[in-house]
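Two complexes are shown next, each including subunit A; its partner changes from subunit B in the first to subunit C in the second.
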Partner chain A sequence: MKILVAVKRVAALEEDFEIRDDGRDVDPDFLNFDLNEWDDYSLETAVQIKEAAGDGVEVVAVTVGPDDADEVLRKCLAKGADRALRVWDDALEEADPIAIARVLAAVAQKEKPDLLLAGTQSSDHGHAATGIALSALLDWPHAAVVAALDFKPGSATALVQRELEGGLLQSVEVQTPAVLTIQLGINTPRYASLRGIKQAASRPIETATPQELGVADDALGAAGSHSRVRRMYVPEKGRAQMIEGSAAEKAARLIQIIREATGA
Partner chain B sequence: MTQGILVIAEHRQQALRPVSLELVTAAQGVRGAFGDKVTVAVIGKGARSHESALSVAGVDELVFVETPDTEFEADTWEAAVTALAEELKPAVVLVAHSVDSMAFAAGLAVKRGWGYATDVFGLAEDGGALVATRGGYGQKLNVELEFPGRETVLAAVRGGSFKPPQQPGSPAARDLAFAAPKARTRSVAYIEPPSTGDIDMTTREFILSVGRGVGEQDNIERFRELADALGASLGCSRPVADSGWLPKSRQIGQSGKTAASCKLYVAMGISGAIQHLAGMKHVETVVAVNTDPNASIFTVARYGVVGDMFEIADELEKQLG
Partner chain C sequence: MDTAQLTAGAFDPTKVTRILFEGFSLPAVTFFYLAGIAALAVFAHGCWVEIRKYRRGAADPASATMLWQRFKGMVGAVLSHRTIERRDKAAGHAHRLIFFGFAVLFIGTATITLDYDITAKLFGWRFWYGDFYLWFSLFCDVAGLALTVGLIYMMARRGWLKPPKLDYARPDREPGDKDYDRRGYRIEDWAFLWTLIGIAVTGFVLEAARLVWLQERPEVWTLRWWSPVGALLAEVFRGAGLSADGASALRGGLWWFHGLIALAFIALIPRTKVKHIFTASGSLMMRDPLAAQRLPRADPEAKTVGYSKITDFTWKHLLNLDACTKCGRCHEACPARAAGAPLSPRDVILSLREFANEALEKKDLPEEAKLSVHGKDVGQVFMETLWSCRTCMACVEICPVAVEHVPIIVQLRRKLVEDGDMDPLLTKTLQTIHKTGNSFGESKRKRPAWTKSLPFTIKDARKEPVELLWFVGDYASFDPRNQKVTQAFARLLHGAGVDFGILYDGESNAGNDVRRVGEEGLYELLAENNVALLQKSSFKRIVTTDPHSFNTIKNEYPEFGGKYEIVHYTQLLTEMLNDGRLKLDRPLGYRTTYHDPCHLGRFNKEFDAPRALIEAVGCELVDMARSRDNSFCCGAGGGRIWVPDPVGKEKPAQIRMREAAAIEGLQVFAVACPKDLTMFEDALKTTGHEGRFVVRELIELIEECMAPAIPATAEEPQEPVPA
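Now for the complex of A and B:
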């Protein structure tokens, strides 16, 4: 029994940043990277299934990204993944979520997992698309925004709770193998132990190119994408009136604003 | 050649979700450039029951697709939209960016070869092509997407981005015959969030909310006392509720409560994830305190303070006596 967990190295802007000369993205010098928050929860979900089963469950973390993405895979290894796999080719630089899903689908076809977990969305661009695009490419049953999961290895179905708007939950039975997109709060992700971090540093990270996995040229990167970024820009700041001064002056103004608004 | 705009209405537990009408307005903005007809489709058992609610200005035609179940099922919805698209050949398909569309829209775009964009809050035409605007890098930037070579584009539109039409209309109405596929998932039940006996945040007029910036559970009590001193009810963003530091009933946002009666909302240590903004951005007076001057909470705030929530709290406590 195998669980494949798709993870992403997400980017956050530094306080000061510059847009690239072509206007289509941020200059990467101004980005900080980390494991996507949602993926921390899906990895934990997989590791908990493995631990509950005793043995016989393999957890494989996979990411699509350049060399630097190894750091998020090491995090996954430190937290309990058995193997880590990274796929990259420079042609993927222009990939949208669907083109990323094409690579992940090729990995899934090779690895043949019984369950495939992905984060509901990523904290940088929040498309909420990759996992379900992947399910379509594999033609697998799927459920999105899963906030609770009951799955016994070997079972033909999984019982999930989808988190709907307003906190309403929908209990859904899904045939397996399935793709599930995992929501925040499904569990409490563990911290990696010092020992785990140390061991992960020396463990191998398997690598492959999309070509080796059989992704065709016309499905690769921009060619396999269903959208293209035309422009990125800083939005109007809206109507916020910024309050300046010392902390005491700011607090005094806040009290004044609160008293005016509440009529107190 | 594709033409026209297809809107997929969304409903749950027999009620039309308000975003369905916002999609009708979104469709008006791209009308003309992509054909003049706006068709709104309702998928589900008893789809006709939503006819009067959807008979608004800007809708040319309503199409009802009967399915075995009243409630959403991903495989069924995907097949129903496919059937609609094969008949209508639309240039633009609009769905809500919702938990339900997250379960089928990306798959549909893959299988149909459609252009695809999610969480879209702006739609425009430029040189005969559709341009969709969404957020990037945690909503700190706006991103314009284009869809080269795609005859049909599927856009999932963010709730609250467009105002619903105010005028009634009299669209044509018909049924579309549809044979539902064998579904691979089955809706078992809905589970209402547990009633905790806690205060109802939807009725509160003054809310002070804390976010990830609060740091740890031990700091919650202090902000509860500060809220009390100010006459506010203490709310929170998702990470605080997920950590169990405050009950889920205090969480403001898409999967929590909407601050429906709120007139004054003070957000401390909340960066402003779009899911949180969905529950409070309508509030008349929003005051935000955050260390990050680029935090997206400042895009919806009326007053902003760049600063440490603990330092500001120190001063507030001191000055309130």
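Now for the complex of A and C:
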């Protein structure tokens, strides 16, 4: 019995930051990195299933990212993951969520987990796409925004509660293997003590390249992506204004603003 | 005194001695000896059981060092009774009477045994006669009287005075809980007192009965006043019509009563509170003067961390548990207990003692699962109890027998941290500190932001040598209110021409409170980062305004390779005042009280420098009842500043504010710690004392004292505010 947990090292902005020279991302000097908050919950979900079962459940954390991403895998190991796997090739640099999902799908095909957990979304880019794309690529059933999970190792189905808009919950029975994207609040993620993280540093992190997993070169990075970031910027603020004057003056000013905005 | 004058009778005064077994048959004497041997055997077995219990604890490598010095320290503490009489003179005096009375009587009895059973039987040499015997009698009589008087006071104390600290009601258990009831202890306390006083009083009555019985013998009757208490009692007995025969009968019966309870007392020493004679002395001998200031390191490679099972405790901490005499001084001093938290240091120690006795006194160790001291069962320590502690060291400071409550609590917390059993807010704070190096969750880059508004640039101590390296600390760097004080201190140093610098964004949280939370791994990371940076910088000594940083850099960084000379700013400014670099010329004249920060005062014994500064700024200092080493924690220590106290209960800082408010005409509540400023300004508002007096950092008073006179603003207490 195996649970694969897909995790991501996400970036958080410092209060003051600058945009990279090419204008397509934030200057990494102004970023702090950490394990994606949603992934913290999905890892906890997996570890709790393992602890409840007592024995025979293996939790494998996997990420797609460069060397630096090891730190989040170490955190996963400290929190109870049995193995950690990192896949990377520089060609993945420009990958969109679909291209990332393709690599993760290759990992899943090799690892053959009974359950694949991902965060509902990532806190930095927020596509909320990787998990769902993964289920499509694997042709596995999925449930998104999972707020509660009832799954016994060995069972052919998992019972999940999905969080809908307006405070509604939807109870869904999903056949396994399945991809579940986990919502915040499903549990209380445990604290990874620094001691635990340090001890995890001596445990191996398996690495692989997409090529080794059988993903074709032209399916990686920009080549394998359907979307591309053009520009990252801070929108101008303070555009609202109060128009003063008589009704006629206000109307005239309004027409002027509309013309400016539409370029007419 | 010349004994010949007193003893003008028909006997040789140099041969005089006392009867021992006169009138007893051989079987009776034999029975007594057998009882004595049995008592000693039970005693020895009890000692063995206790020693085996301690040996089941973990090793304590530090305990084997400086044994002679430790021994001298212990003897000094025991003989002087200085730890016992602190904050309770009457109990100290009474204990001194009991201790010396008991000790002299014990030595007296041992002397008789030495003479009668050893030197006389082995070498035919006797010394217990003549002048020696007479002085011996006098000594023992006075000792017996001292013992009795001391015991009577202690009985009156328990029975009538009833100091609150002797109330064993537990704040960490509910009435009805199995281990809520401490009746067993109360029964034992009284049994102890009654047994001892029974031995003492029957001793005197026996003495008097012997005098009346043997009144015809001139060497007995003529010399009776060498046993003044017995002689006086004998007069009373004779006056009441007791005959020599009656006295003989009384002596016969009472002798056995006295002898057998004395033997029972000895036999039961290791199994009752009497064992504190040994355990308290042992604990005092193993006393670590830096127990709370420099917490024990944890082996990062070890499989477990902190105290999880009772066998994880060092043998010394197991001995600590047995040393506790339930005197309640820690219970009384604890700010968490005073604020109604489910913690009393005494009850933590007693709970663990009961747990250790249950688990470790049997022949075989119970299975591992039964050794865990964490949990909700009888004898186990609750998580909420451990998290209530502010590590203020009030308990360790006042403990007369050197129990190390704080290190024990932190060791227990380490296990909780490892398991993530803590308040989610604390978890968040620890994660934040790991990520950003500060508890405010601000970017590292913003640490020196407070320097920007200064009209001068502070040197970067990482880049150029400085005389004085200022370790700023989190609260002084990031908290907006404290930043004003930080800037004032910078102006002060700059104005006095001091060559100083800071570490800018390189500095991390010093780790003092992280370590006291029990997150040892994170502490190590912080300490190592700071030490690495300090090693690369060139400076003569360090200064800080933060007593927490001060403590860990001074006492704990040396174990991480960072040995530095560090001063608190109050010490630096006192120095500058003395050598004329700091000039204060406008006496402020405020009626001021001063709150000793735990980490500066109690931890590092600096009480005078801040007071010298208050005097220097021309303020009238009125100390609160709890000051100096008895200062009452603001409640922020041990990481508690990151976790709000429960609503609806009075917080330690509020209790402190009310204490200060009782000072008539108080204008300024002075502090010398960034966390104190935050805690007490808040408490000033919430206790409704705002407007009556103000909370000020000493630095602010000094700056005010140096500034040209400015008109008072509304909140400045230029004039005493009517209460």
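Note that in this section the second predicted complex is superposed on the first by the 233 of 264 C-alpha atoms of A that agree within 3 Å, B and C clash if a C-alpha of one lies under 4 Å from a C-alpha of the other, contacts with A are read in each partner's own complex, and residues count from 1 in each chain.
Note that in this section contacts are C-beta pairs under 8 Å (C-beta built on N, C-alpha and C of every residue); 3 or more make two chains touch, one makes a residue touch a chain.
Nothing here was measured: the structure is a model prediction, and the numbers come from that model.
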Item to check | subunit B versus subunit C as contact partner of A:132, first or second or both or neither | outcome: first
Checklist entry - Between subunit B and subunit C, which makes contact with more of the residues in subunit A? => result B
Next on the checklist: Contact-wise, after the overlay, does A:98 reach subunit B, subunit C, both or neither (first, second, both, neither)?
Outcome noted: first
Next on the checklist: Per the contact definition in the header, classify A:181: touching subunit B only (first), subunit C only (second), both, or neither.
Outcome noted: first
Item to check | Which superposed partner A:52 touches (first subunit B, second subunit C, both, neither) | outcome: neither
Next on the checklist: Quick check on the superposed pair: does A:32 touch subunit B, subunit C, both, or neither? Answer first, second, both or neither.
Outcome noted: second
Next on the checklist: Quick check for you: in the superposed arrangement, does A:15 touch first (subunit B), second (subunit C), both or neither?
Outcome noted: both
Next on the checklist: In the overlaid three-chain picture, which partner chain does A:201 touch, first (subunit B) or second (subunit C), both, or neither?
Outcome noted: neither
Checklist entry - When the two structures are overlaid on chain A, which partner does A:190 contact: first (subunit B), second (subunit C), both, or neither? => result second
Item to check | subunit B and subunit C footprints on subunit A, overlapping residues | outcome: 15, 188
Next on the checklist: Show me the residue ranges of subunit C that touch subunit A in the complex, using the header's touch definition.
Outcome noted: 298, 300-301, 305, 417-420, 422, 424, 427, 430-431, 434-436, 442-443, 445-446, 519-522, 524-525
Checklist entry - Can you name the residues of subunit A that touch subunit C in the complex? => result 14-16, 32, 34, 188, 190-191, 193-199
Item to check | subunit A residues within the subunit B interface of the complex | outcome: 11-13, 15, 26, 96-98, 101, 120, 123-133, 135-137, 141-145, 159, 161-175, 181, 183-185, 188, 226-235, 237-243, 247-248, 250-255, 257-258, 261-262, 264
Next on the checklist: Taking the touch rule as given, give the residues of subunit B at its contact with subunit A in the complex, in rising order.
Outcome noted: 12, 17, 71-72, 74-75, 97-100, 102-111, 113-119, 131-132, 135-138, 140-148, 150, 184-193, 205-206, 230-231, 238-239, 241-243, 248, 251, 254-258, 263-264, 266, 274, 284-285, 287-289, 292-294, 298-308, 311-312, 314-316, 318-320
